[in-house]
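Next come two complexes, and both contain subunit A; in the first it sits with subunit B, in the second with subunit C.
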Partner chain A sequence: MDRTGSRLLPGLVSFVAVLAIWELAGRYRLVNTVLLPPPSMIAATLWQIVRTGTFLAPLGQTFLLLFVGYALACGFGIALGIAMGRSEPIYCFLEPLIELMRPIPKAALVPPLFLFLGFGATMKVTIVALAAFFPILIATIQGVRGVDRIALDTARTFGCPPVRMIFKIILPASLPMIVTGMRVGLGLGLIVVVLAEMLAGEGGLGYLILDMQRSFAVRQMYAWIVILAVAGLTINAVFEFVEARAIPWRSK
Partner chain B sequence: MSAFLSVDAISKTFTVGKQTLSALGRISIEIERTEFVAVLGPSGCGKSTLLQIIAGLIPPTSGRVMLDGKAVTAPPRDMVYLFQQYNKSLFPWRTVLDNVAFPLEIQGNSSGRSVRQRCLEYIAMVGLSGSEDQYPWQLSGGMQQRAAIARALAAEPSVLLMDEPFSAVDALTKLELQTLLLDIWAKHRLTVVLVTHDVDEAVFMADRVAMLSARPSTIASVTDIALPRPRDTIATRESASFLSLRHGLLDTLLKKDRPGPTPDEVRVTMDGAAHG
Partner chain C sequence: MAVEVGRLLSVPDTVGTARWFGRLRFPILRTRVTGFALVVALLLLWECSARLGWMVSQNWPPFSLVLTATWRGLWSGELAAPLAASMARMVSGYLIGSSCGIVLGLLLGTVRVLDRFVTPLIEALRPLPLPALVPPLILFLGLDDALKIFVVAFAVVFPVVVSTVGGVRDIDEVLIGTARTFGASRARTLLRVVLPAAMPSICAGLRISLSLALVTTVVAEMIAGSSGIGYTILQAQYGLRPEEMYAAVLCIAVVGYLLNMGFVLLERRILRWHQRADADV
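Up next is the complex of A and B:
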């Protein structure tokens, strides 16, 4: 406990220091408080939003879009990754296509998606799925290809049939790699969902942040950014919690 | 009436680029039920390739393997393979207990006593009681190979194939594991094929030692090891007959190695034959 404390303390000091400088800069008019209100004022606005529960609906909307898109990305990414990692013909067939699409920043695909899917939930779920799909796919392919021959041969000598091989050996053996891809995918998904909400303007955290800025409700804008940051932190913490339980064999 | 396990004129050639390399040339050997046969040979002579063909893991270029009258085309259910690389063979995502339970899961064999109870018995048999809930990375090398042995036993095989199973553990552990395996072999009436480059180990454990020549390997000689059983880690190794058998085999092995294959040839053979 003592050690954890001594490790956390420096980080806390820097955090508090930045807040204090920011606060003082506002109080002494070193910055324009209309554009950058001091933390105390943002906190008051934030408390208002939290206390009244106003944050729940937009947060829920953003999370729902994120998770539906992310779940699709995980499902397709892992399934296709296993297929491509195990089958040389499938890999050769799809690899050039994927290498071509992978480097496109998925944010650039939001405008064309508007054309086909409109401004609704379908478009946002699709763009999240697209953004998260590629890192998960690539990590899965690498993980599956990296499964040791001896582990596979061992299972074969015990009579393990090919389909069960996927669930008994290939998936668990490549799980640490897959989870690494899933972590990257989740981060990209969060970025893209906020961006899509800003561009499509139909509610959600991204929409609210942009909307507050346009209506010059600067304090509210910052408050919503804080809510988004806390939401991101929470997602990450949940991910790490699940990861530790999904891969209990990973040596510390 | 043919033998329980018969290797019939097996040959294996590998194609590396445009070259074809003959690793095994017409190997035949007949192994009786409950017999313990060691296959001895220098590194890169294709011993592991031979064992993998017997196991049904890779197909031979010509010839066939028969187990109890049936041709081996895929790994047979009652044949189990103990790998040299126990750290890669044990599944890191499973505890010792779950590793040992793996063959039972695959066979869907949950009749009678509970699976857990049976696995714990195998774990006790290899001296790992108390470690059943640990993950492989928490165990020493010798303990990992013990866990792999327990898992092999859980499959209730009649044939145990071992590919240099003790070459990666320390010298003392090696002696312990050799005796442990001889006990298990006798108790379970297993048929064992042991591949090794260790003359001492081959003579100490086996009923017969088949010596392979350099590539393309053929069986150069078969030596009966008429040492009394049960064999003792220390006393057996000090007996005059042990020493003379060891002397003879070492002598042939070292002579056969001169002139040996060039280092380049050995490397290519190993690339093609072994686990990469």
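Up next is the complex of A and C:
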């Protein structure tokens, strides 16, 4: 057996074991099947949703909002992070404001944003961007400040222009830190987008999950949670794949 | 983490900023005076825009009114009571979650079989966004404290487990070998050698999950609202009482800041023996 196989197999075994216990507990009425239907029943409902393609629209909606907000956060966070990491005056100018905004749990900003931006896509994109922005910014500042001085001095000795320095030395050198911040930001963005959808009640996976619970469509609720979980796992895997490609020199 | 950025300032600027900005003629630009001026200016702008009607909106109360609403709310208990309720839930959830996380992390880090079978499950559950867990849990736990404490504990477990396992894995083999040479039992080695050696990493996880616990409390209270500061914010928004809403947000922000500061101080005490402790925080 190859290495990935021996790593995946135990996980698969325990996953199947958990499902089996859950199924049997339902069959033998050890748990209330109204509240926790056995996986086979959830799977049937899930198959219905997947087969008819109804999952596409909400899934697309949620993840489009997430990606737009996240892309904004990455763009602004990294750009500002480089500026603040490189320049003392810019850092001093913005640091107190950022320190003031950062401890606010971004989830608490969802209701105020409702008032200003309504319940639509703008609001959700904004809150995702806000939530993901701060970890990316902080990580970028730290990464940029930690760049090896000798590398910078060498570049300067060779007359490297500032813009080139940013793309050829500073960005690659601080990439591991930036990616760490981006990972934190992605997690926060996902939390916030689901929350915003639940509270706004205008479609999306978050809204569906809460709506199914309120209308006591328990099986559908679990099916949608599975869809969200799989989507979450997928973007996590994509992130790790891109990370491994972007920073191959970083050992696991 | 608040201190992180503050600390960075004390690091001498070695990256040659001066060259980029020319020879700086105004040394004041290198102090945070400008930053505080910016904050004051923005608050003034907020105040003026509301007072002078530059921004005509019911949702835009002047900052001074938000401050008085905070003050009033804290003294009358309208804000203080939900805040205290939220904090109680958060702290219980945090304590339960972090102790479970440390125990589970120590087990996964030391028992190979457990690690191979359980870690994939944890990895699979981790990317599930927490708000999605609240609706099914409402079915089992209702809308009360039990639900919120559980959700917070659940949110806290993952980062703590991951950082504990990381800490345990990175332990110097010599330490374990030495303990074995002196005939320390497995349990004793775990408590006296492994746990302290993994402490810096565990603390990092505990710090991350502290802010996560606060977010989760607010999130759970908003979705399954019956009381608490998250619910207060949402109610104030529905009821179009913006001062109250901003006052509640302000309170959470302050609490978040204080919690983080308290943790950093505590961490310094716990890890006083650890040379990297200061560099880390």
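Operating definition for what follows: the second predicted complex is superposed on the first by the 248 of 252 C-alpha atoms of A that agree within 3 Å, B and C clash if a C-alpha of one lies under 4 Å from a C-alpha of the other, contacts with A are read in each partner's own complex, and residues count from 1 in each chain.
We adopt the following convention: contacts are C-beta pairs under 8 Å (C-beta built on N, C-alpha and C of every residue); 3 or more make two chains touch, one makes a residue touch a chain.
Worth saying up front: this structure is predicted, and the values here are computed from it rather than measured.
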Once both complexes are superposed via subunit A, do subunit B and subunit C end up clashing or fitting? fit
Of the partners subunit B and subunit C, which touch A:P172 in the superposed model: first, second, both, neither? first
Touched partner set for A:R156, first subunit B, second subunit C, both or neither: both
Examine A:F116 and indicate which partner it touches, taking first as subunit B and second as subunit C; both and neither are also allowed. second
For A:W249, using the defined touch cut-off, is the partner it touches subunit B, subunit C, both, or neither? Pick first, second, both or neither. first
Tell me which partner A:R164 touches in the superposition: subunit B (first), subunit C (second), both or neither. first
See if subunit A has more residues touched by subunit B or by subunit C, and give me that chain. C
Touching partner for A:G11 - first (subunit B), second (subunit C), both, neither: second
Three-chain overlay, vertex subunit A: subunit B-subunit C angle, C-alpha, nearest 10 degrees: 80
Shortest CA-CA distance between subunit B and subunit C [superposed frame, angstrom]: 9
Residue by residue on subunit A, keep only those touching subunit B in one complex and subunit C in the other, then list them. 149, 153, 156
In the complex, the residues of subunit C that touch subunit A are 1-2, 4-6, 8-9, 11, 13-17, 19-21, 24, 29-36, 38-39, 42, 59, 116-121, 123-136, 138-140, 211, 214-215, 218-219, 222-223, 230, 233-234, 236-237, 242, 245-246, 248-249, 252-254, 256-257, 260
Contacts from subunit A onto subunit B in the complex sit at residues 148-151, 153-160, 164, 168-169, 172-173, 175, 247-249, 251
Subunit C partner contacts - residues on subunit A that touch it in the complex: 7-8, 10-15, 18, 35-36, 86-89, 91-100, 102-112, 114-116, 138, 141-142, 145, 147, 149, 152-153, 156, 162, 187-188, 190-191, 193-195, 198-199, 205-206, 209-210, 212-214, 218, 221-222, 225, 228-229, 232-233, 235-236
Enumerate the contact residues on subunit B facing subunit A in the complex. 52, 55, 57, 74-75, 77, 79-81, 83, 85, 88-89, 91-94, 102-103, 105-107, 135-138, 155, 275-276
